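Chains: A, B, C and D, in written order; residue numbering restarts at 1 for each.
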């Protein structure tokens, strides 16, 4: 059966220091990409889910984010659901 | 001989590499600044351990684009010796001077320990003073030392005997329990096709004194001395190496 | 938030309350200024007068600690203390807490704690060479404990590993008393030429004040200062400031740039920006130097848009330093930092008017007498009274405790218990080697770090038994000092000096204040007796949640010196046939022991007694014996008593067994697991027995040959038969198993 | 002027070992999220670009990925362009 593909985007909260983004921006400038005004580096997580219906899935994935995938103190997350590979 | 140790922003074991080559081996050793392009005529350039650019984005990703790497590439193409230790190994892979890549340890946590590695071939300037099959006890300390490569690449480096070190147990057996980071085929170090560029996760420069970490690292550093002695300092010809006994 | 009031406008009493200032403190401010403060000024008063920055509850008591001695180069009062270690070198060290932030966000809290103490050290001109971490968590089975432990350990490792300073030791304890208030105390030691220590005294009217390092964001406004100055409760979660994220990479650049600049003489004064950021660093420099300072807040490099002066003054963004340079050195300073890709911006000047001026968009938002914020900060003699409950806690009848039927099983249970099992899982996550001078790594009684280019080495340890302190805050504090010293002696080092981190509950509670005073007295008496002055330290109050305080926890970091690194010792047996000797006397003392807690669930009684003279004789004996190379190993007898100490000698290193016979003469459990002080286990070659015994007689140290190193089991009379290999695996993996639940 | 917001998704190549994905999946199972059949952990990078036109931007961002943001040996990347904050 074709399951569900969940896409999770975890990004540093606004206002929270993102040292990684800062360092990447610096290197891009050194490489001559001066047009880069700001960089934020986060996580992108793809999950294949089996045996779950779409509506239930959303709630489950949000739980996964709160309990493991994202750190609510310093990170925000966003979830998208799509057609999974079978 | 003359060693050069590159200092990237966030290099940490650069001072240890300088101590090992200068104070312990008694060679000439100079720091090389990442913003330079010139290697100041060194025979062997060391990319030291550490967290260049904080390991942000990917280990070695940002160091690979610094000016000094142009010098390193030219040096390597001319047959000069390049030794990448830990973060230096990661940088050489990122720069495409070595095959494969290093990713997060399977445990996902940093590991500091003394491990046993087996010398897989003495047919490199870095191991010509060792016996193939010889066991060395060396420190490791890394969070991203899991060596990965696609099957084709792995098969290739296997057949060309370019896997230079493997993690083993104390008895020299290649077993999963002896693998500290999940590296494919227990790979601890590999060299390029020209055999003049070596990268390894363990730290030979931290095993050069009885009092601090043992002396097995000298087996590797002395091999480099030996090779440079035979090939004349400064000379730039692809290494032709007689296999050890 | 309060900071949205218009800049430079006067505020009223209610704002003071919001800032945690008492009505008395508010009227004191009005009196000092002769007018109501502006919002910015109020914020400055709030942080500078906070417990964390002003030490208002502890200052009068801290004065009792011994802080002088021939070895002391810098006592308390600067960024860190310093002692003379010979060869023209100074050891610069300090321990500091980061408790509340680590409870809110364990990884970043612990990481920024390490980052902060590292800055304190290189601010003095010293290159950091080692870190220790002292960690305390709640019961292992508390639902939040594994998460906190994993986060804190990863955070400590992250910062230390990434900046390239080895973490060579520490401690880890579990106690339900820390369920809601974990303790994360970080220690750093660095080395500098003794005649080139940098201090934080602003001087030279007209000299530029230069801001270096990371940009200023809204991180932790009122974080360290106010969080650490009020009790913790559900509401604290609301007032939670933006969490500080550590950037060890930037701090590494800052470290190298500062040390490079310190080779020159462009610097007049330098101070890191820690708690209360720009405000406290500029005020403390001005205060120490008796100068004034004017800051142009428009010049401060900002990370975020729309920041108001209140936020700029109080931000606790990490990886920033403030320095006063010689007039005319601006360009030279900026060149050094540019080489390391760091910003260095002139944001002010030193003045001679004794005032703190902060200007923004053409208005002066602060005009304050520096002394009002520093030496004229409030000082409290808070009421202190022993808790009524304590006496009951100290009373317990050992005869009601059944002796164990199977002592081997009892020993194994102890070896697997959270406070006694191996810490490998922790320190494997730390780079213990970078720098190339680590001689004794974590796992021994103390770490030994060679002094590059000399024959000497430093020994480092941090210790505290908070159960002892709970049962007797005076004796407990004394025992913490004594155990630390004994740990140094065990590796062959002469104790030099102390840095203490005094973690207590709410000082507004008389019983807590009493615990604190008793703790100070204990440290004072032990340090005076052992000749180890306190050269730096830190007080962390308000470790209390919903009215419940932590056990009193005065962690003692101690530094010792080996004149010849080759004479260092480790705890474990070295060779079959070596003799095993116990130094010191065992008494029937089970009060407050790990044995009672683990096997009988009893945490009562009176901690073991300490005879400081006997302790000193033991130290003298061990140091002579190690210098004359009469010993092959040494290990102090601590938590878990003689049996656990013997087991540790077998389980570590090569893993050799031993044959031991003990004179009975007291309860078997007291004999095996009692925690009598001033004891040390040593092993030696047979041929040295005579000389060692004579030495013991001369130094008047009780000397008992217990047996010899032999076989693959630890056998103690007919009480214990422990196969080393099997026990070792269980001891090593116990911690990880518990944490993975 | 309102710049361009570039979104870069970096994912581990199929067939390349992804220890982090494996570990995350394991933890999710332990937490009772048995429906998770596969996890890949990658990166999500947000960049604010100034003074560049949309078509040129795409080419530039792909260069940034090839030269720095992604490692072709172990990673694939995908770029999306959108309206940036000004």
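Rule of thumb we're sticking to: a residue touches a chain if its C-beta (ideal position, glycine included) is under 8 Å from a C-beta of that chain, and two chains touch if they have at least 3 such contacts.
This is a predicted model, so every value here is computed, not measured.
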Looking only at C-beta pairs that count as contacts, which pair of chains has more of them, B-D or B-C? B-C
Any idea how many Å lie between the Cα centroids of subunit C and subunit D? 41
CA centroid of subunit B to CA centroid of subunit D, Å: 30
Note: subunit B sits from subunit A at a C-alpha centroid distance in Å of 34
Find every residue in subunit D that makes contact with two or more other chains and list them. 43, 67-69
Any chance you could list the residues of subunit B touching two or more other chains? 53-54, 56-57, 62, 65
Where subunit C touches two or more other chains at once, by residue number: 247, 249-250, 341
On the basis of the stated criterion, which chains touch which? Give every pair. A-B, A-C, A-D, B-C, B-D
Inside the complex, what are the residues of subunit A that reach subunit C? 12, 15-19, 22-23, 26, 71, 73-74
Touching residues on subunit C, where the partner in the complex is subunit A: 104-105, 107-108, 214, 217-219, 242-247, 249-250, 303-304, 317-318, 341
Residue set of subunit A touching subunit D in the complex reads 3, 9-11, 24, 27-28, 31, 33, 35-52, 57, 60, 63-64, 67-69
Complex contacts: residues of subunit B adjacent to subunit A: 53-54, 56-57, 62, 65-66
Subunit B-touching residues of subunit C, taken from the complex the two chains share: 154, 157-158, 161-164, 247-250, 252-253, 340-341, 427-439, 450, 565-566
